[in-house]
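Data block below; observations after.
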Amino acid sequence: MSTDDQSIGERLEELYGDMADVHMQPLWTQTADLMPRTPKSAAVPWLWRWSTMRAIAERAGELVAVGRGGERRAIALANPGLSGKPYVSNTLWGAVQYLGPHESAPNHRHSPSAIRFVLEGDGVWTTVNGDACDMHPGDLVLTPSWSWHDHNNNTDQPMIWFDGLDLPAVIALDAVFFDPEPPSDIQQLEGAHNKSTRVYGGRGLLPLDDVVTTPGQSPLWVYPWADTDAALTNLLAERGGPMVSMRFVDPTTGRSAMQTIGCEMHRIVPGGPAIPVRRTGSAIYVVYRGTGHSIIDGQRFDWAPGDMFVVPSWAAAEHQANEPSDLFAVTDRPVLEALGLYQEERLTAPQEVTSRFAG
Amino acid sequence: MSTDDQSIGERLEELYGDMADVHMQPLWTQTADLMPRTPKSAAVPWLWRWSTMRAIAERAGELVAVGRGGERRAIALANPGLSGKPYVSNTLWGAVQYLGPHESAPNHRHSPSAIRFVLEGDGVWTTVNGDACDMHPGDLVLTPSWSWHDHNNNTDQPMIWFDGLDLPAVIALDAVFFDPEPPSDIQQLEGAHNKSTRVYGGRGLLPLDDVVTTPGQSPLWVYPWADTDAALTNLLAERGGPMVSMRFVDPTTGRSAMQTIGCEMHRIVPGGPAIPVRRTGSAIYVVYRGTGHSIIDGQRFDWAPGDMFVVPSWAAAEHQANEPSDLFAVTDRPVLEALGLYQEERLTAPQEVTSRFAG
Amino acid sequence: MSTDDQSIGERLEELYGDMADVHMQPLWTQTADLMPRTPKSAAVPWLWRWSTMRAIAERAGELVAVGRGGERRAIALANPGLSGKPYVSNTLWGAVQYLGPHESAPNHRHSPSAIRFVLEGDGVWTTVNGDACDMHPGDLVLTPSWSWHDHNNNTDQPMIWFDGLDLPAVIALDAVFFDPEPPSDIQQLEGAHNKSTRVYGGRGLLPLDDVVTTPGQSPLWVYPWADTDAALTNLLAERGGPMVSMRFVDPTTGRSAMQTIGCEMHRIVPGGPAIPVRRTGSAIYVVYRGTGHSIIDGQRFDWAPGDMFVVPSWAAAEHQANEPSDLFAVTDRPVLEALGLYQEERLTAPQEVTSRFAG
Amino acid sequence: MSTDDQSIGERLEELYGDMADVHMQPLWTQTADLMPRTPKSAAVPWLWRWSTMRAIAERAGELVAVGRGGERRAIALANPGLSGKPYVSNTLWGAVQYLGPHESAPNHRHSPSAIRFVLEGDGVWTTVNGDACDMHPGDLVLTPSWSWHDHNNNTDQPMIWFDGLDLPAVIALDAVFFDPEPPSDIQQLEGAHNKSTRVYGGRGLLPLDDVVTTPGQSPLWVYPWADTDAALTNLLAERGGPMVSMRFVDPTTGRSAMQTIGCEMHRIVPGGPAIPVRRTGSAIYVVYRGTGHSIIDGQRFDWAPGDMFVVPSWAAAEHQANEPSDLFAVTDRPVLEALGLYQEERLTAPQEVTSRFAG
């Protein structure tokens, strides 16, 4: 209890103690931490090497069965800045998924949304709500929120792809639902493969009378590499280098193919200085083709096919290629845009390299 | 002036006369005419034969120069029900446009929107705001409201296409602006042909950072036949016959490629009974490929390639093909949808044919 | 038939005749008429005097019963430029409606949308889909497209209001439906009067879980004069004179209260030069309070309470008040905006008066 | 290094160690934790007593100056389940802010959005971008993302209000910007107080030509209690009890007044069983008037004026009043809705009380 002859300091200490007792906290002692001048992400820039990841995935393929419970043989990238959480950033989860010959990953659904970007192997399909979506290298396959999905490898070779999920964001929003009790472990196929492509894959054309789809969810679930490659070639021809960037969209709205995950493809050619950009929100880059390097907040990361790296929120990032290179990326940009929080800033000069990644 | 011993009839007559003097009219004597139970269009179902139109267009090609003032060698379809107005329906203007070898139609712009659907010839381009849009048979080319456009035939053959405009609707809205004073009669080209395709023609992909475009206007201006054909083939494979229908869309929104003109393509294969549909709003059909017939409010119209016919508002229409057939159509459906006035009704049985078109 | 020695003129005449035979018309002879440089409305500026209209309405009240068939004792304003059509402009229908003591106008519904703006009388209500909407002077009452509505005067005084409909536009679009067969001639009331106000009349507040309403249609059907007056007073206090303008909106979207009719209220105070504005689209102004004059394309119209006047499309219009004045207006602006056709131009100087209205 | 005679278990352990070394983690060992069947929020239901909070706030008023650096004398509610973080839930920050007589809290701006709900005192204003917004008990005042704001108490009494921010969500998205360097510590006022109300506070009326505002941000910044009270009275009259709920909206769009914070007001009257509802997303309730209790996941919380309590995501919550009661609430529902993650479930029967809050 406070008395008249207590010092202010003592009375304050007592006040803070009393606050703590009733689960209250003063704002004024922590304003600067809660409200930095610009975003201070705990996530750090980092790169995961394909050779390392592939070897680990292969060992997991030998030792771990795929099945109900564990659900997927996915190995998550854990940002060293995030205290052991299996997240690439505060909002994005990324992983290498390995499916051995003649294996299947069982059917389930969840409120987090997921994308697959194929790195190795051919002849696998992901069945999404009854539609078998074929997967070839460079293809992007969507499994929207709450859609049933299982993965099937009917070939004699393993298949490896990148998994990108909005899981950390959905966890932060306390909105994860998971349903592991499908009608069957592997979905029955409804008709021939790639139905979503046949109906919604037209270029500038949609069915006159659209089947009603879920608002915010693309009814097109496969984006084949051939189309992506052609679009990049055209845009590069029109705009010139050193870098052109496209986003994968829902053809029925022109908005992001996923409501909570931005999917992008960047083609970089040698030449010309890169322009560093800061953006609110984070991104995972997956090198699909080519070699080069990126400078992220002054740290240089050299990359080669299959490598993956993260650009945290508001980190300055610039990319340069040694040869024509294609980088796939997932971001949380649609989330930030939907909430009025997206910002970007183009720096006026390339960054100085202050360190090199030695991961 | 009315007096006490006038009959009610006399007094009413006097009242109506006095109303007319001050530019007023009673509603109650004309309610039924103004408000019919269902739409009663003055436009009648009609068909124009390709052989007739082509011959007329060729004669015009010999006799009439293309140039400033007349602006275009376009021959409009005039619905016999519309009292001599050069309109296909109350909202749609349709024409055959003929451009001879090495002719150009000069640059202008107007608030009405226009589409071109190519019927004969190859190697022509329409320049839209500096972008040369190549035209091949079956291609759809847009010239959005207030965009500069000129047509250029650098070949030794004539070119014929269908012109579809929203002109009657824009006239009804007293909103026509026309600007015949371009910087030059033929636009300077900005870079290589088909820029809009290179930037916005990706399948499920758009530039990451879109150039700002005019709201409601597609930045994609060419929809090549090869893409249309592929999309119809896919949709037919998925949904089966006898008819599948697609709409041309703005890839940045998924909405109608033109804000005031619906552009559709219908593929019809033999077999199965047609289902008659009534819709608010009118449509001009252009037979691109195949033969068959349509029944419109009980009247049978047999059609062959190049023929054009009109389905007036709320007329029951059904289509049957003798062989795989493709029908392009322009409609006013986006207008009716934007205003909350679109309705459709599927009839339960094919119509009885009560007459045959002998136009 | 053409022969070699025919002149070009003869051959052209023959061609035009052959075109007419097959219901075709050359564009090039009529380009300028179809596409004027700026909108050339057939509608002319005009003013209808309240004293004249009221007297005519009263006589109609004596001579014409209200009932099924004629449906409404509404006397339409017929623009002298529109060849005898009962329209104020190409898109708007306006009328004075007179409902005598203890009369009812029977229940019906139609696809055209209507608004009522009350000029004289009190204690009447319009029942809209079962909700009795009370009507006092200065109130705006909506009857959205296809809503059941009947009018009821349970008082000993006549009631007069202005009716504004989109009827000419809906006729031009061949989309009029009319249903004169309600369950009963006068609707049963569902609960107390003014339900729409209780649910949707909050200021900045809406029910947490909205009842699903028809897209594009306001679920709020009454806009009382007291609210309108207060809003104008506030806006004038903030922005100053000589004129402030507000639009009536759907509180669930902030868009026009009617999808096809713009409803506006203008308060004008003496002082300061008026700024002439041209707009695509037409407007009917109804003087609710005050006196002043408007100059429309150089013609001066003096106005007093109850007078109504029309500003055709693209006519320059400016307004000046002798005393604080309130002008209600209906327009077709939402139609033009929805179709990308709305334009406006502010002139740099007041117009010279070239004539005076002597209607 | 693995050898042939290692057991699977040993090899797995080695694999997991190697993964950790390269910052990777197996998904299959943590699937259930990452993806629970329904949301498992770390936040717990909790209630903070007004008497406690008020006493603490008063003591802070004596001991702590308001000024640059600490910025605000706000005392945050810290959910006991959130490991010492000063958050009410994963997405919401709530606090009691105390401003003594003749004190001002200095001008700053930040990307997190904030609302104020006034509990005690009168005559204070918050200046938002130059507009002084007066604050009375029951008023809601908005300070949208990145708007300058300072608080000013020119009276002889203290003022206490509830602060609600989206801060935890914006931190989770790594998107906090803070700008403590305004042109002056206290903003110059632009004209009379409450400008936003004069322009955007009309009921069903907006300025004809809107000033361009920031997309997603309401240009109306004050929602006076008198309007809220009237709206609740009307809705309760129409819908009946025991509970009616309204949301505060942006009058230009009908959407949530804040893009990232749902603001709600609930009126509860005695009688009738409460219906428990689960919702994704959390809510802070602030008792403005009345007494009653809420049952949250089986735990009973009795409440009185000024008390605040939290309903975590997917907790079943029901409310009952002893007398007519008004509860203000802030939620993250607009965030969940914008991302396609909003779900709700109405339980079929009231919950059994399994414990009582003894906080």
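The letters A, B, C and D name the chains in turn, as written, and every chain counts its residues from 1.
The working rule: contacts are C-beta pairs under 8 Å (C-beta built on N, C-alpha and C of every residue); 3 or more make two chains touch, one makes a residue touch a chain.
Everything numeric here is computed off the predicted structure, so don't read it as measured data.
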Winner on C-beta contact pairs when B-C is weighed against A-B: B-C
Rounded Å distance between chain A and chain B, as computed from the means of their C-alpha atoms: 44
Geometric centre distance via CA averages, chain C-chain B, whole Å: 29
Overlap residues in chain D, where contacts from two or more other chains coincide: none
Graph class of chain-chain contacts, one of line, ring, star, complete, other: ring
All pairs of touching chains, each written as two labels joined by a dash: A-B, A-D, B-C, C-D
Chain C partner contacts - residues on chain D that touch it in the complex: 191-192, 195, 197-199, 201-209, 220, 223, 227-228, 230-231, 234-235, 237-239, 244-254, 257, 264-265
Of chain B, residues touching chain C in the complex: 2, 8, 11-12, 15, 18-19, 22-32, 34-41, 43, 46, 48-49, 52-53, 56, 59-60, 63-64, 69-80, 86, 89-91, 95-96, 110-112, 145, 167, 169-180, 214-217, 259-260, 280-282, 312-314, 332, 335-336, 338-341, 343, 359
